[in-house]
Amino acid sequence: MLGRLKIGLAVLAMVATPALAQRTDISVGMVLEPPNLDPTSGAAAAIREVTYSNIYEGLTRFGPDGSVNPGLAESWDISEDGTVYTFHLRDGVEFHDGTAFTADDVVFTLDRARDEDSTNAQKQLFAAIDSVRAVDEHTVEVTLSQPQGAFLFNMAWGDAVIMSPESVEDNATNPVGTGAFRFVRWVQGDRVELERNPDYWGEAPALERATFRFISDPSAAFAAMMAGDVDAFPNFPAPETLEQFEADPRFEVIVGSTEGETILSMNHENEALSDIRVRQAISHAINRQDIIDGAMFGYGTPIGTHFAPHNPDYLDLTDNSAYDPEAARELLAEAGHEDLTLRLMLPPPTYARRGGEIIAAQLRDVGIETEITNMEWAQWLEQVFSGADFDLTIVSHTEPMDIGIYARPDYYFQYDSAEMQEIMEELDMTSDPEARTELLHEAQRHIADDSVVAFLFQLAKTGVANADIEGLWENAPVPANDLTGVRWTE
Amino acid sequence: MLRFALQRLTSLTISLIVASMVIFFVIEVIPGDPAAYMLGMNAQPETVAALRRDLGLDQGLFVRYLAWVGGMVTGDFGTSYTYRVPVSELIMARLGVSLPLTVYALVLSTLIAFPVGLIAAARRGSALDAGIMGGTQLGIALPNFWFAMLLVLFFSITLQWFSAGGFPGWDAGFWINIQALTLPAVALALPQASILARVMRSAVIETLGQDYIRTARAKGLTSRQTVVRHALRNALIPVLTIIGLQFSFLLAGGIIIENVFFLPGLGRLIFQAITQRDLIVVESVVMILVFAVILVTFLVDLTYAAADPRLRRRA
Amino acid sequence: MKRLPMTLVAGALLTAVFAVAALVSLAWTPHAVEGMNIATRLQPPGADHWFGTDHFGRDILSMIMVGARTSIAVAVIAVGMGMVLGVPLGLLAAANRGGLIDEVIMRGNDLVFAFPALVIAILITAVFGPSAVNAIIAIGIFNTPVFARVTRGGALSLWTLDYIRAARVAGKGAGRISIEHILPNIANLLIVQGTIQFSLGILAEAALSYVGLGAQPPTPSWGRMLAEAQTMIAMAPHLAIIPGLAIVLTVLGLNLMGDGLRDILDPKLRRAR
Amino acid sequence: MSLISVENLSLDIYGTPILRDVSFDIAQGKVFGLVGESGSGKSMTSLALMKLLPDGARRSGRAVIDGRDLFALDEAAMCAIRGNQIGMIFQEPMTALNPVQTIGDQVAETLVVHGVAKRAEALAIAREKLDRVGLDGARFPLDRYPHELSGGQRQRVCIAMAVALRPRLLIADEPTTALDVTTQAQILDLLRGLVEEEGMSLLMITHDLAVVSGLADHVAVMQEGRIVEQGPTEELFRTRAHDYTQRLFAASAHRPAREPTVTDEILLTVEDARRSYALPRRSLFGTAPKLEAVRGVSFTLRKGESLGLVGESGCGKSTLTRAILGLEDLQGGSIRLFDREPVKPGMANALRAGLQVVFQDPYGSFNPRWKVSRLVAEPFHLMPHPPADARDRVNDALVEVGLRPDDADKYIHEFSGGQRQRIAIARALINRPDLIVLDEAVSALDVRVRAQILDLLARLQETHGLGYLFISHDLHVVRAITDRVMVMKAGEIVETGETEAVFANPQHPYTRQLIAATPTIPAQWQMQEHA
């Protein structure tokens, strides 16, 4: 009886085994499901991870290394004073629904994003635009109110992809773009399927079909990879299992960098935390390597300021706040806060939940008690981020080049420093690369000296893929799973 | 019988109305704004306000309640805030997973529990009975998510007989989906089967103690004939109640199991919707689940009446 | 013939093991529960750490002991809450049998039953935030109708008995009769049901902590230990197996004890055996 | 010639001796009566013959039918005999039928399982058998369910089932005990007729001497698992050789010595009492039909008087009793105590104290978790303050009903049924009431215990000048203890009068029917007692 059952199960299993041949399909795992598929009206990284460069394209696009390359704009001219950008659009580009891509679509897209009723999550990207004009069918002229060094960079974001007025209404559920893949269907809660766009203007991708599967549970993700249900998991949620994948010849572990500076934010409105000595004490109490090892199983780079280590302008300031519990205790004694209790709010990601537990233990060592509250994102956004009702929280700031947040006094950690604000204002006006570097160094030092928050580590991008797949992005300059260069080697 | 049905139907409707109010007003106080969630950390306040207008969240609580209830009567549950598709579509798609999973688990559980419970009852006091009872105690004590974890470890990762999860969709064929649902169904069914087997056993034992069983034996029926012809049908009534309860438990209780096996079912929909503060989806799914429970209870009541002639005339 | 049933003995022993572990943990654990040591993480069971260490290098035996305390505390209080609310409701419904109050209580009961328990628990914690207290409330809410129903059922069968009529003839009101006559005579029923609900409470607490809605860190809880361990199940199986076994054995112990108690406390079933 | 011969049947259950050396023969076509009090082993004897004993039973002896020892047969062979050679009917017709099967199927099943007929044919035979037991096809089609029938009708179905295959022996275990007297008479008639027509033998098991006297050819008297005396019915009834038989007879005919001193003081007045209940609606929109349980009952009861209320089940006497006890409201008319205060659920405690009750069931009448002292003292609740000498009064009351003062510290499960009824009486007496309602107070007791309780009641009435409202379905008892009697039928009192007068010369046809239906031991057999 048992024997027969086994045979039955084996037969069932065989049905599920795909045929061995050169594969042109891929199943990509993602932790979160995109709430919708319109990156111009939602902030979720998952939207970009499905659509960026696969379905939608912008005037410019990011390369895997974070460089800004031509996208739908073949080339551009910039006026002397840096306020007028003239984009020369590619010819013969069609949207997936067959409508032609023209300068009008660009005007429509940029105007829509700037509109009063716009629901673009990154509206500030477009803040510098004064007007947009279609010069002819394939030329667009964008006038800025003031020069902006990062404008081409901004136009490469997922929030700035070009949509056509004919299909924009339905893009949330039936995305229509100009990319190398067409949307096939979305089984909500399970997967999004794409297929190769035969009319693509550029080089045809190697893959014919791509499926994004949404697996939020880390152990389910592990099982899915192990069982071969998923071919690649570019942002694998369980770093503790990577060791096993490394040891397994079937898999390749891809470790790269992200723009995510992970910090222990402090609320400067809190009486104790407004004292720099307390902030320094906290910074010294923290052993970054323990957090990286304990929470991320070794993946991550310690940082001493709010800047990505892979950026050429990065300064290694970790020694400023080296692990020194004795110094921390002294600083606390000096500040008169020997028994301090702080609330620590933790959003869902592993780095926060596990890191929070370790930080709590480390703070306890120097005499700071913490009350941990685990929160969902929605509640975290409302209470911590918008309401600034917190003492400590851990979060990874994943936007690229976002040191500017320290110049925003209303930002959730409530840090109001005239000096920092001046530095950033100057930076905005400056286009000379060397001067910019100098200013960025100054900013990095300033926030590190001020111990505005406790800087923990740069989030690593840890992906797992079938060893026969090549062309996946190693790093994540922006959230994206660009599949155009992905292929099977066997 | 008709009057019985109508009476139950009235109390069913009242229950549903009360339930809808409880659901709506409890869920609406959950902190967190769907618009803010969707727009993330860099969004500007006026952008959030614009999105709230877009979603109709700027209207009063009571107005939205009436709109929601009013729509539900016609099968329109509104539009999901995050997915931007009709909630009814979402629910129908998810039911396509949850319902088969529930039925599958229920069938498995019944197929295991009936013979096991009957054998234990027929051999009560024997070593076999003691073994079965011990086994069912173990089954009840097993947290299903832990059991699911072990199943995946063994059958998916080590043996690779079953995929670790996921659901291909019904258009991919019947068997491949049945295969995909097998491990989750087993994880759900085993603890339930243990409960059901125990209920079955005690119901049969209790029935076997009734006078009419002695009457049947005095007529010359063998003990097996007595069990089959007389005990079984009478014992079925308490068993049916449990099956009814299990149906609703399984329909909603799959949340964790659906997570472990990343199945796109109702449970995961609701979990995800709560995180995203897609409250209209949460409210509608809870309503559907409550409705399912009440409906199943109603059907079980009707089945009672069919199984037991004494109930047909009772008020 | 006064032999205690085997199930009761085995169940009580199992339960006692965990109860004692929980009590001892108040005063002593082999290692400090909050003592992290990343360097010695994920150690298999050995001489220094009998059950090994977790991903933060904490001692699993110590965490299991303190986790027992969490589980037992949550389940006991939740069952207590269910009893305190449910029993009076059940008594009231039975005293008013067939009346409007009875009808309202029973329909209310049905309504609570109609709500999917885990979903409501998730909603409660979404409103009030996850914590052990909210887990207790969520479990307690679903215990209430169970006790109300059991109480009412037991009380209804007693209300037809002659000694209740005798008490009425002796001028006693429904409230007094409920307390003096009904309650002591359904105590057995409630004890047995309490044991069952207690074991269900432990399971529910484990499930809630598993999805992150129970006791918050750093308080150890079995469900969360499982959740944290499950991705490491292939490389450190003891991490997932030990807390799982703790849950299974505790619940098994309580269920066996409940069965045994029913055997000795319920004379009707004793006769049927 | 003997059909079945039982030799030295002994039985233990889990080591407890139940039967010892029981031997008897049942002759072909004759009725054999097995009489005894509860626990005497008469039912176990019948179950032993059917080999349907409970778990843990160990049996020795022989039961020979047609030269075959039943006890030596295996289960399969026994199945072939049950229902075919030996049929059996039980005491409780309300639960003896499977509630979810039609009566036709249940009767036909006997034929089907023995392979005598296929279902269709079996149903046809079932129809004939049901006709034979008096359930005609027009009113009782085969697709009726048991719950649609009354107790007597169900017992007829059971009989049809048992005799469907014309067994040679029919075992009837207390077949009429749960039935009303008029129904009992009909069932006994039916059994008698079947024995005559079918030529089968009947083993009639009963506690009621009068029932066997009218039915059995042979009688055996059982006591504590042994047959103490057996012989032809008339001879045994006349001689009563064994001491136990004599005591049994004496008790069943016992009438307590009473010297009633009825005063003129009126204790209880019932005037035109009415009470009805709503029945389930028949149709969706019609008004609910009403069951008029009590339809204008009036009577008075005086101090020192013993008033009987007789009637069959469903006549409304329970409803009336509840109203008199102030547990339920009336919808019309009034009930007054001492001709002043109305009796109703919210009545004053002081008034309630004048009225107490003794219920039928000696097992359900006491909270098992209380000690006797507290049980007996419960009516003190009616006093504004519990008396200081409460404990003494409890002791006195216990002594008065024939128990010992130290019994007060025991729990109720330590007492027998008769002792419990004594405790119930003590509880009723504790407040020195004027009126005690005795609601079937002796119906559940064996005859000898019943006789003692009746004596006690008679004595207490004299010493305390109590008024009794004595409610019973048992005409013998009512005749023995009451001064006046009321006969109730369908919610109305159809006849009232001096007890002796009513019994000697019943006026109402229903009264006559009741008296006629009550089994009695022929008077001339009893004469021997005085000889």
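So that you can tell them apart, the chains are marked A, B, C and D in the order they are listed, and the count of residues begins at 1 in each.
Keep in mind that, in the parts below, a residue touches a chain if its C-beta (ideal position, glycine included) is under 8 Å from a C-beta of that chain, and two chains touch if they have at least 3 such contacts.
Quick caveat, the model's predicted, so the values are computed rather than measured.
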**Message:** Considering only chains that satisfy the touch condition with chain B, which of them also satisfy it with chain C?
**Reply:** A, D
**Request:** Select, from B-D and C-D, the pair of chains that is joined by more C-beta pairs in contact.
**Result:** B-D
**Request:** Could you work out which chain's C-alpha centre is the most distant one from the centre of chain C?
**Result:** D
**Fill in**
When centres are defined as mean Cα positions, the distance from chain A to chain D in whole Å is 86
**Message:** On a C-alpha centroid basis, what's the spacing between chain C and chain D, in Å?
**Reply:** 47
**Request:** Report, in whole Å, the distance between the mean C-alpha point of chain A and the mean C-alpha point of chain C.
**Result:** 43
**Complete:** Where chain C touches two or more other chains simultaneously, the residues are 126, 230, 233-234
**Request:** At least two other chains touched by the same residue of chain A: list those residues.
**Result:** 219, 226, 376, 379
**Asked** For this entry, which pairs of chains touch?
**Response** A-B, A-C, B-C, B-D, C-D
**Prompt:** So in the complex, which bits of chain C are touching chain D?
**Reply:** 161-163, 165-172, 180-181, 184-185
**Item:** Contact footprint of chain A on chain B as seen in their complex
**Value:** 31-34, 36-44, 46-47, 50-51, 53-54, 82-85, 90, 93-94, 149, 152-153, 156-157, 160-167, 169, 175-176, 179, 182, 259-265, 268-269, 272, 274-278
**Item:** chain C residues within the chain A interface of the complex
**Value:** 34-36, 38, 41, 55-57, 126, 129-130, 212, 216-218, 230-235
**Message:** Show me the residue ranges of chain C that touch chain B in the complex, using the header's touch definition.
**Reply:** 107, 110-111, 113-119, 122-123, 126-127, 199, 203, 206-207, 210-211, 223, 226, 230, 233-234, 237, 240, 244, 247-252, 255-256, 259, 272-273
**Message:** Please output the residues of chain D touching chain C within their complex, sorted ascending.
**Reply:** 325-327, 349, 352-353, 355-357, 359-361, 364-369, 378-379, 381-382, 424, 427
